[in-house]
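So the structure is just underneath, and the comments pick up after that.
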Amino acid sequence: MDPRDILSIVFLLAAAPFFLAGTIGLLRFPDVFCRLHALTKADNLGLGLIVIALALQADTWLQSARLLLIWLLVMLSGATVAHLIARTALRAGRKPWSGRS
Amino acid sequence: MSVPLIYTAAGIFLFLLGTYGLVAYAHLLRKILAANIMGSGVFMAFIAVAGRTPGAPDPVPHAMVLTGIVVTVAFTSVALALAVRIARTSSRVHLSGRDEEQ
Amino acid sequence: MDAVLLTHPWSVWTIIVPLAAAVLAFLVPRRAPLAGIITALSVALFVAATAYRIFLAGPHTQMLGGWQAPLGITLRADGPALIMLLTSGLVGLTVSLYATGYFTAADRQQRYFWPLWLLLWAACNALFLSGDLFNLYVTLELVTLSSIALAALNGSPAALDGAMRYLLAGLLGSLSYLLGVALIYGAYGTVDLTLLGQTVRADGLSRAALALMTAGLLLKTALFPLHFWLPPAHASAPPPVSALLSGLVVKAPLLILFRLWFEVFPDTATAGMAHLLGILGCGAIIWGSLMALRQQRLKLLVAYSTVAQIGYFFLLFPLARGEAAATAWVGVFLLVLAHGCSKASMFLVCGTITRLAGHDRLAGLAGAGGTLGARLLVFALAAVTLVGMPPSSGFIAKWLLINAAIVAGQWWYLATIALGTLLASGYVLRVLSLAFTESQSPPLPVAPRILRWPPLALSVVAVLLGLAAFHPAVLTLAGAPVSGIILLEMVP
Amino acid sequence: MSWREALPVLIVLSSLIPGLIIFTLPEERQRLRTALNLGGALVKLSLVAVLFPFVYLGQSFVFRLPLLPGMDLVLHADALSLLFIVLSAFLWLVTTLYAIGYLEGSPHRSRFFGFFSLCVSSTTGIALAGDLISFVIFYEMLTISTYPLVVHRGTPEALRAGRIYLAYTLSGGILLLVGTAWLRVIAGDLAFVATGILSALDPSLHPSLMVIFLLLILGLGVKAALVPLHGWLPLAMVAPAPVSALLHAVAVVKAGAFGIMRVVYDVYGIEFAASLGLLQPLALIAAMTVIYGSVRTLFQDDLKRRLAYSTVSQVSYIALGIDVAGPLATIGGLVHLVHQGMMKITLFFCAGNLAETLGIHKISEMNGVGRRLPWTMAAFTIGALGMIGLPPLAGFISKWYLVLGGLEAEQNWVIVVLMLSTLLNAAYFLPIIYRIWFGAPPQSWPRDRVRADGRETSLLLLLPPLATGLLVIMLGLLAAAPFSPLQWVQIITIREYIP
Amino acid sequence: MTPGPLLLFDLLLPAVLLWLAWRSLTSSDLFRAVILFIAFNLLLALAWVRLEAPDVALAEAAIGAGVTGTLLLAALTRIESAAGRRLSRPARWRPAALVLTGTALLAAAAGLLWSLRLLPTMPGGLGPLVDRHLAESGVDHPVTAVLLNFRGYDTLLEVAVLLLAVIAIWCLDEAVPFLQQPLESPLLTGFNRMMLPILLLSAGYLLWLGSHAPGGAFQAASLLAAGLLLALFSGASLPAQWSGLPLRLLLVLGFLAFLAAAIIGPLTGRALLHYPPAWVKPLILLVEWLLTLSIALILTATVIGGRPTGSRPYPPPASPAAEGRQR
């Protein structure tokens, strides 16, 4: 087996727990802010690892670059959207969970 | 059973599911959602049923489905605008009853 | 000169001109009525040129983009398309003239009426000429969407409601149709009508596809019992729009149905399927007429009359199986023409009456001798064609249908036609008698000319077409999927 | 288009075009309207006069407009059509004059005269129709153009009468249409040809032909007011007097009778129809109608209703004459078409004068009215006596030939029917005549329009009944003169019986 | 395609799609239903990829999920602000009606599935024909060739449908903002500053790509529309003097260009849409670029959801900074 394939598999396997954790967090966390926190983990790290795994498989550098661009864009928009959601929630009067309800 | 047939069948089921939703629900937005699901089902059946050609996929149904998607978006946008207008003029989000029809 | 006349693809201009005019009307709303009138006149001219070409040189096709089917799309100018174009030309011209007077410049509706109507017109003509299953889908969507927008034009709650019903029914119908197209493409790898006609096998798959497409189109044509969306949509739209919806738009899916059943799937459809449509047609005739007899508002009465008249078109399916095919075919197409003209005229008169009286409740419309009485008489003149009294085009059409029913030995349909005629006279009489009732109310102002003459002219044309039906009747069979002697004799 | 083709069309157009122009005229253009009406009527009469000698010589005038491949609108002039057309053209002229006087100053005259002209055009078309399909086309046009005349007054009563009229006639029209279509399918071209066109058909079709005959007669019988299809006729009396006059004397009722004539003689052929056994039942129905109508007439106090039931009975003389297969009965029936028209229109004019001048509608109010309206009542008396069949008036001639026909065909029951009917006629007309001349006039009439010039009523109302009354006498006295209706009918009969 | 190692995937994906569609229809919260629907569309794009229809996948993601999703969310907000928020439940069925509808739908499903067995095992399709004429079409990507040349007439009418949608929406109502106020945040400002050029670039790239690989006018237009919407949400607006004729002109520009190209044929003795061979490539390119621009505006207009009022879309004036950004 090509070492590149092995590396890819490793990265993919590493990405899976982030997505799993992110999803569980999204479903189980108590309020908007915590859920956003969980979600960004999956987006940033999980997707990053997958992109790396895929970039290793790309035929040309250009393809790899495009994959990385996708990751960057997702991080960028993820951060912005998370910020906007959080701010909207705050302005709507949602109190962050303090562990007491 | 070949792969396209699975998707064709799924398309048909989506179509019928959408039909059910369109008929069964009163809320206009839900009806519009249902119609979109119907449309997706049709498109899926179209691509899948035509995707059984050997070799490279047939581009003609792809182009047709692209057209279909755009047409459906146009319909959806008008339907939604109409629903919003109905909500704004009569404060309801469903069609009037039979009694008001006359 | 003749060479150009006989080789130029005149029919495409009936699509292009309204399309371009629609864009112009959208860009410069102030000039929209002018653009509309010019378009209406030129479309009439192009239809006439198409008719002349078909008359002299027979039906012809055009391969769009220069690509032959099955790769490209084919436009076909044949007899059935021509009758539809004639209907579209006559109704369109009249309604356009009327609309210049009905919508005023100060009216927001005018701003959107013209682009919407011109797009609708282009779409109808495109549909009539199309020879490609998928292109028919696109044109049908264009027809439906513009009709919906027009139906909602005046923004009243009833109109919005009617438009919404129309839209949802339309979506259901067109998606069902498209699924049928998908199956057909999967089975035969083409969507060209002519090619399909040569290759379609009469198997379960074709039947399933035909059933899907038919169901969708029935919904769009509003055949009983799928007519629920039609009366609210047609009755609450502005009158020029109602005229277009009833006179023109319901015929669009109808033509597709005819093309499918007789051209693409002549052997696939079973007699049972044909009779099912025929029986639904009978149901439409009786139910629609009974409902029209009960309505208290003029526009609703006319709308339900459309429900009833649609039923007659569906008698083609059972009657055209066998010897009487040509008779029934010509009869139904002439009926399409007759109904288009008379129904459009009736709705336009409704518009004038509503404008004058401020309402269209039958109970309050008495008016012998006065302005209303005269309008009601024009209504009655249009109704002469609708009921099928001689010498109108409606009579010729009904005469052919009766002949077809006799030749085919279908006494049941014959009885329905007879009953339908009587019921139609019944609901027309409800309106007509108002024309002779003395009214107590103070005299109403006279309507402007432009609201009086176009409907009158159209009803006169509809009546006189009965005396000039010879060539239309013959042309209907040019390139049609059925052939034979129009008036069959069965002398043993 | 040669003049021979054009002539039948022009005859139809001579009333159609004035009618269409009249529709567009404003109410106050009375002169122009009158000019158009009378001009049209005179043009029509002169065109018919041109036709006359040619048809006498057996030449034909045919106009064809192709409606569909294999179906034309055919107008042709033969002896039978001329009989009807002369009657209608002449009575149109007279009735128009009368109507101008009668409706003077009343509203909606443009509408009235417009539809009046349409109605006459349709009748002319019926007379000239060259085949059964063309006949049906004009027959239905007649239905729709008479409706506005029936409901002209716009009262709820008139509207109800109109509704019932249309219900009857449209139902009949449908049956006629279906019968015609069916016949066309099995027999092809349905041109009216003396001695008929169906006898050559395969005998296996005879049952169908019998059913078709029933359909056609049902359709035509409605307008001809055969019992039990006559229900509309007495109700239609709400129409203005000129309309009633025209409806009863020429247009509607006669169109039905004329249609029966065409179907029996020129489609089936009298002998073929007799051989199918179709005529006997029809004759029985006609006889029943004759008696039934007469009996009902006895009990009407309303003058116009009495005249209406009398029409029911009298028109069936025509049907009776047609169905008693034999040349003499045919002559009686055909000539009664003209004679009854002349007599009945006289009576209706007079009834109209009574209503218009004195407000009299009921027979019980007519005591001594002869002193107030001597001329009108003289005409009435002539008409009534003619109806009874008093020699030498017109009615006598037709009854005489009917009796002879019954004898010739060895159908003696016909004579009994005629005798009975004559007795009844006398029973319902003689008391009126007695009242008119010998009853004591009341203190005052329901209303009285005394005229400054001392005439009993306006000239336009008086002259028409006098003219037709005079003709009732002339038709009887001069029945043997050349070109009298009787002589003309004999020509027709010869052509119908000898192939 | 035969079942291989991916069989599990091929069974799972349709199942998930059906489940999402079902949930989207049945969840009583409409917001959740819309979100599920967007997820459904994204997964649908995956299905298109699996079915070797990358063009459709791109369109589905951009138009099906992106534009339709935005449309639905916008409409939901407007509806709820007009008619109040309420839960949507299925209409109460009479048992007979339910049984009847259910039976009919199941019978239809059974009939359709059963008829599928009659599909030819070796279907023809038009793929080879398209390949044969690809060289004459003026583009190198088969789907684009079909869209803009072989079946260009469909596309012409399709653009008419889009234009019609805008006219219909404008006819229905004035533009009603669905955000109480524009989204403002330093983060968003920065994001926009970076994102808008990228979106513009990507749109151009997709458009350019369309002539030889999956991509093309519609996909590019939806990216462009996304950029426009982003700017709009952050408070940018069209100046009043631009919202009249200039805006309408931009909306119809693509369609007019297409129409003009189409009638070259009939005017020169050819069929409609039959381009002179020498001009095929430039004409198609021109039409495609203008179409992209117009369609992007049309898609944006459908989301705005009403005719321009001539004033700013938000009651309080937007920040001048946001406006400046859009230029």
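Side notes on the structure shown:
We call the chains A, B, C, D and E, going by the order they appear; numbering starts again at 1 in every chain.
Everything below uses one rule, namely that a contact is a pair of C-beta atoms (placed from the backbone, for glycine too) under 8 Å apart; a residue touches a chain by one contact, two chains touch by 3 or more.
A quick note: this is a predicted structure, and the numbers were derived from the prediction, not measured.
Common neighbours of subunit B and subunit E, listed by label, are C. The minimum number of touch steps linking subunit A to subunit D comes to 3.
Shared contact partners of subunit B and subunit D, listed by label: C.
Each chain's centre was taken as the mean of its CA atoms, and the one lying most distant from subunit A is D.
Of all chain pairs in this entry, the one linked by the most C-beta contacts is B-E.
When chain centres are taken as C-alpha averages, the shortest distance to the whole-protein C-alpha average belongs to C. Ranked by separation of Cα centres from subunit B, the top chain is D.
If each chain is reduced to the centroid of its CA atoms, subunit D and subunit E end up 73 Å from each other. Mean C-alpha position of subunit C lies 42 Å from that of subunit D.
If you average the Cα atoms of subunit B and of subunit C, the two centres end up 27 Å apart.
Here the CA centre of subunit C is 32 Å from the CA centre of subunit E. Shared interface positions of subunit C, defined as residues touching 2 or more other chains, are 134, 138, 141, 145, 148-149, 152, 155, 183, 186, 189. Looking at which chains touch one another, you get A-E, B-C, B-E, C-D, C-E. If you check the complex, the residues on subunit E that touch subunit A are 183, 185, 187-188, 191, 194-195, 198. Within the complex formed with subunit E, the subunit C residues making contact are 8-9, 12-13, 16, 19-20, 23, 26-28, 62-67, 70-73, 75, 111-112, 115-116, 119, 122-123, 126, 134-135, 138-139, 141-142, 145-146, 148-149, 152-153, 155, 183, 186-190, 203-205, 207-209, 211-212.
Across the complex, subunit C is touched by residues 27, 65-71, 73, 107-108, 111, 136-138, 140-141, 143-144, 147-148, 151-152, 154, 158-159, 162-163, 166, 170-171, 174-175, 177-178, 181-182, 184-188, 201-202, 204-205 of subunit D. Those residues of subunit B that touch subunit C in the complex are listed here as 8, 12, 15, 18-19, 22, 28, 31, 35, 38-39, 41-42, 45-46, 49-50, 52, 58, 60-61, 64, 67-68, 71, 74-75, 78-79, 82-83, 85-86, 89-90, 95-96, 100-102. On the subunit E side of its complex with subunit B, the touching residues are 1-3, 6-7, 10-11, 14, 17-18, 21-22, 24-25, 30, 33-34, 37, 40-41, 44, 47-48, 50-53, 55-56, 59-60, 63-64, 67-68, 71-72, 74-76, 78-79, 82-84, 86, 88-91, 93, 101, 105, 108-109, 112-113, 116, 119, 122-127, 130-131, 142-143, 145-147, 150-151, 154-155, 158, 161-162, 164-165, 168-169, 172-173, 176, 218, 299, 302-303, 305-306.
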